[in-house]
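Take this structure, written in structure tokens, and hold onto it; I'll ask about it next.
By letter and in written order, the chains are A, B, C and D; residue numbering begins at 1 in each of them.
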Amino acid sequence: MNYQQILEQVSREAASLAGSGQVASYIPELAKVPPGRFGMALVTLDGKVFFTGDAAERFSVQSISKVFLLALAIRLVGEKLFERVGKEPSGNPFNSLVQLEYEHGIPRNPFINAGALVMTDVLLEHLPDAKAAVLDFARLLSGSPDVDYDHAVAASERATGFTNIALANFLKAHGNLHHPVEHVVDAYFHHCSLSMSCLELAHSFLFLANHGILPQSTNQPTRLLSVSQTKRLNAVMLTCGFYDEAGEFAFRVGLPGKSGVGGGIAAIMPGRWAAAVWSPEINHFGNSVRGMKALELLTTLTGESIF
Amino acid sequence: MNYQQILEQVSREAASLAGSGQVASYIPELAKVPPGRFGMALVTLDGKVFFTGDAAERFSVQSISKVFLLALAIRLVGEKLFERVGKEPSGNPFNSLVQLEYEHGIPRNPFINAGALVMTDVLLEHLPDAKAAVLDFARLLSGSPDVDYDHAVAASERATGFTNIALANFLKAHGNLHHPVEHVVDAYFHHCSLSMSCLELAHSFLFLANHGILPQSTNQPTRLLSVSQTKRLNAVMLTCGFYDEAGEFAFRVGLPGKSGVGGGIAAIMPGRWAAAVWSPEINHFGNSVRGMKALELLTTLTGESIF
Amino acid sequence: MNYQQILEQVSREAASLAGSGQVASYIPELAKVPPGRFGMALVTLDGKVFFTGDAAERFSVQSISKVFLLALAIRLVGEKLFERVGKEPSGNPFNSLVQLEYEHGIPRNPFINAGALVMTDVLLEHLPDAKAAVLDFARLLSGSPDVDYDHAVAASERATGFTNIALANFLKAHGNLHHPVEHVVDAYFHHCSLSMSCLELAHSFLFLANHGILPQSTNQPTRLLSVSQTKRLNAVMLTCGFYDEAGEFAFRVGLPGKSGVGGGIAAIMPGRWAAAVWSPEINHFGNSVRGMKALELLTTLTGESIF
Amino acid sequence: MNYQQILEQVSREAASLAGSGQVASYIPELAKVPPGRFGMALVTLDGKVFFTGDAAERFSVQSISKVFLLALAIRLVGEKLFERVGKEPSGNPFNSLVQLEYEHGIPRNPFINAGALVMTDVLLEHLPDAKAAVLDFARLLSGSPDVDYDHAVAASERATGFTNIALANFLKAHGNLHHPVEHVVDAYFHHCSLSMSCLELAHSFLFLANHGILPQSTNQPTRLLSVSQTKRLNAVMLTCGFYDEAGEFAFRVGLPGKSGVGGGIAAIMPGRWAAAVWSPEINHFGNSVRGMKALELLTTLTGESIF
């Protein structure tokens, strides 16, 4: 498969959608990103790397970091995580309080904000430093030791993120947050502020296409998740990874993936490759317009999907 | 892979769950089914057939027939179907009116009852006889010319199915039902009453594992759906096929599939096989308890899943 | 109090709101009413009658008839009625299915459509002819033996009232409708089609201002409801009589009352008088714009309200 | 009317309900109150005072203080208050987040917690000290200069009131809270902790039965609210004063009133008297079981109600 040629074709065709979304503005710092950026990268399990456009430029991964949280939380507590967070698609926006109230403080899945707050609480319970742990994990997965949080973004979200603080307090009221709200949201806002490029994201997701084994680890394979855990994490991405467009993404793209309001999407083709795309203009569901189109074109042109 | 041995192991292990669900009772006719039945069948794309238990006994497929409706509706109107029905998981019971009201008469996906009523309406628009069309399609797919509706079940549902009649009237009130309520629900209740065995269901689903081509058609391949249409139908099964347990099924089993309150489940492993299982005891979400467990064991023991 | 002069002032001042609402169009027959009509009548317990404008012209009372249903149902079964219907304001539109589903088929109060369907079912249980009973009651209360149903309106609603048929089927599914859906909705659509003038409505509501005694009955008082039943019916009007504007009406007007989408409103000042107003232009909550304003002016100018 | 004899009869009859509710436990400090307490007081506009039981014992008025907030807020900003808070019954528990989310941060009425938080924010905008203002107002109304906040209750709520902090943050996220969350909730928790007796509450509510004029002001009447403002405040009490039992209270009692989870209820009979009752055992809606019964008996025995 000539992935390089396909990426370039995808990039050209998706360009027609420029201007059809809006850069996320709810965090002042995010609103500064130039809307026209577009980058895409694909890395294969046999070590090949393809990319186009602004694939090396870092952006705010936002909710994509929830995949790192989920992998870490599963490593720490296994299936017990799902006593505190569900695994069903939500049918509601990512920051909705309605579902939480109806279901008594159990977030519907790990990828809505309330779910990520609970996972952060789990990390705080088992690790000396939840902020450092996620950062170290992202550096390990991406192979980039200088991946870092964007402290301006974290501070911006801290100053305006009243809905997330509301969610955390509501979880606390239901006994589903064991640490002080302040600690949990501070760590959470940092996790969201993680700044990575498409190339780094694609590398970071490759272990999920590799049954849980870190692909770079040639001599002595490093297993991060069991085969079954990896399958399950991928299933959660497919059913819950795109807020209220999970069905749409599965329908059009047909791959497990995760989006962020920074305009990034990472996705995997199990047994073959991982890809990441970035275009900051998002639709009103919070998903990158060109990003979704690019991945749809990728699966159409390659004929590769899980279905 | 020794599927026969695996099916037998699955059957033995799943037997421990006997008694942990309830036979569907909302239709009097369904309540008569012996709760202890268990059957399972698996047919491969290269023509091998494996089965165990009551795999040749027919039962009421109920909502599994919605997959036949969706395949026919896509053949008839293609993507335009999704102007009248969504493709997102619902987060609500299969017969909920709440979502319909909030979303102005557009069923959230084709596999909730309201979605199937709209698909039935589409069939009535393009075919001389919607009841005959679905029956003929099931006979073609299963290779069993004597597959038939169970008219006692259809009559039983007709006499007590007030919620479905409510749904149909509500769709009508929103202009999303073009034919008289009476015609639509009559056809719909018949579709649900389709009586098939695990063996017949497994054969019927095989084209969905075969990129849309009817597998029996050796000399001159019969394409029922395009590659892209097949992928999309499978995606809808994965995200919406199990009412409010779609996430759970994806998580534990990791295959596209569809369940019915008669206790049947059909699922596919793209490129390899289709399987069907039947055990009448269902949980409060409407899914077969032993059936879900059996398919989870199948994917665990074979190591096969889409993720 | 010079009620005649006040009614005329109210009429002049409310005229400025002409054109600010819309004539109900969901029933074709209702849409034919000239939007500019305005009538108002007030009758006192000591037998005086005041009126202005089109107060003698009949119009479709629609939901105002639910007050007659409630009075009859309370006479027939007393407090037991409230085992099948609640008495709390709904916070939802008059024809919503959402609340019914969340609360398992118990309509939240007697004045939403579902509640009126249940009351109609109660009437069918205890009376030989539920249609005749409501008509006779309206004739008795109004003192007009030629008050009648508007069969064209009833037929128009019958042909297009799919939402109400959906509600009735849903109630049936929950066991809260004992008679066939067809019988209940036929009677219900007739009740709604009752055609009365402001003068007739004002007379009809006077017993509710008179502790339940029919005011015309000079020699030997006819008690229709007990003191306590009357108080309770009035309380239900105050908290539930205006769909999702019950709070607004209590706030601005401060009287128990009931509106209909035909543009009529009837209200009472306990111990003193009953009034009715008609102006067909309604707001998006279904309440007459000029009607609400007229009653607000009436209580402001007279200084009379229950608070 | 022999109110004293009636209060004593009420007290005896309501005693049979002892044990049928639960003392509020969500604030640890409240859970310490002896469940068997019962007090009741009634003060008339012509200056008579009647009482029975523990009518002089102070308790935590909790949400009854919202009436003081509403009176003050209306005095400060008049009708403009209702640009930031609605006036419709909520159909949801007093601390629900669902309605807030559906209605974009506008609390449905002033008497749900979110509404009181907005009113507190209004006070902070126009007064040098919102805590002192409410306390001074309660002292003025009750004629008891030593009425005070219970700082242990305020601290207890401050330490555990995560749901209210969540509500405040959610209001902030929607721009409907202008002051820092910390300031608003601190004042709010103090307002709720106000400690008053039935006698003090009955005196405090008397101006609402007196068209807004402070009754004690013999020589030169002190008007606190206009006639129209008083009517409107009373209307809000009737439609919204009892959480999800406003309809029930209007139906059974038929008076404007307000309850608190401390087990107190205050109510008025316009033009005649104000009454307060206290019994700490509340039902699952948050309203005092014996308190509601006592007021129902009071209106039944006196034949007095607004309907």
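Quick notes on this one:
As a convention for this text, a contact is a pair of C-beta atoms (placed from the backbone, for glycine too) under 8 Å apart; a residue touches a chain by one contact, two chains touch by 3 or more.
Note that this is a predicted model, so its numbers are computed, not measured.
Look at the CA centroids: the one farthest from the centroid of chain A belongs to C.
Computed from the mean C-alpha positions, the centre of chain B lies at a distance of 55 Å from the centre of chain D. Between the Cα centres of chain A and chain D there is a gap of 47 Å. The geometric centre of chain C is 32 Å away from that of chain D, both derived from CA atoms.
Interchain contacts close the chains into one ring where each touches exactly two others, per the touch definition above. Interface note: chains touch in the pairs A-B, A-D, B-C, C-D. The residues of chain C lying in touch with chain D in their complex are 86-92, 99, 108-109, 227-228, 230-232, 234-236, 238-240, 244-248, 250-252, 254, 256, 270, 300, 303, 305-307. Residue ranges of chain D in contact with chain A, taken from their complex: 96-98, 100-102, 162-163, 165-170, 172-173, 181.
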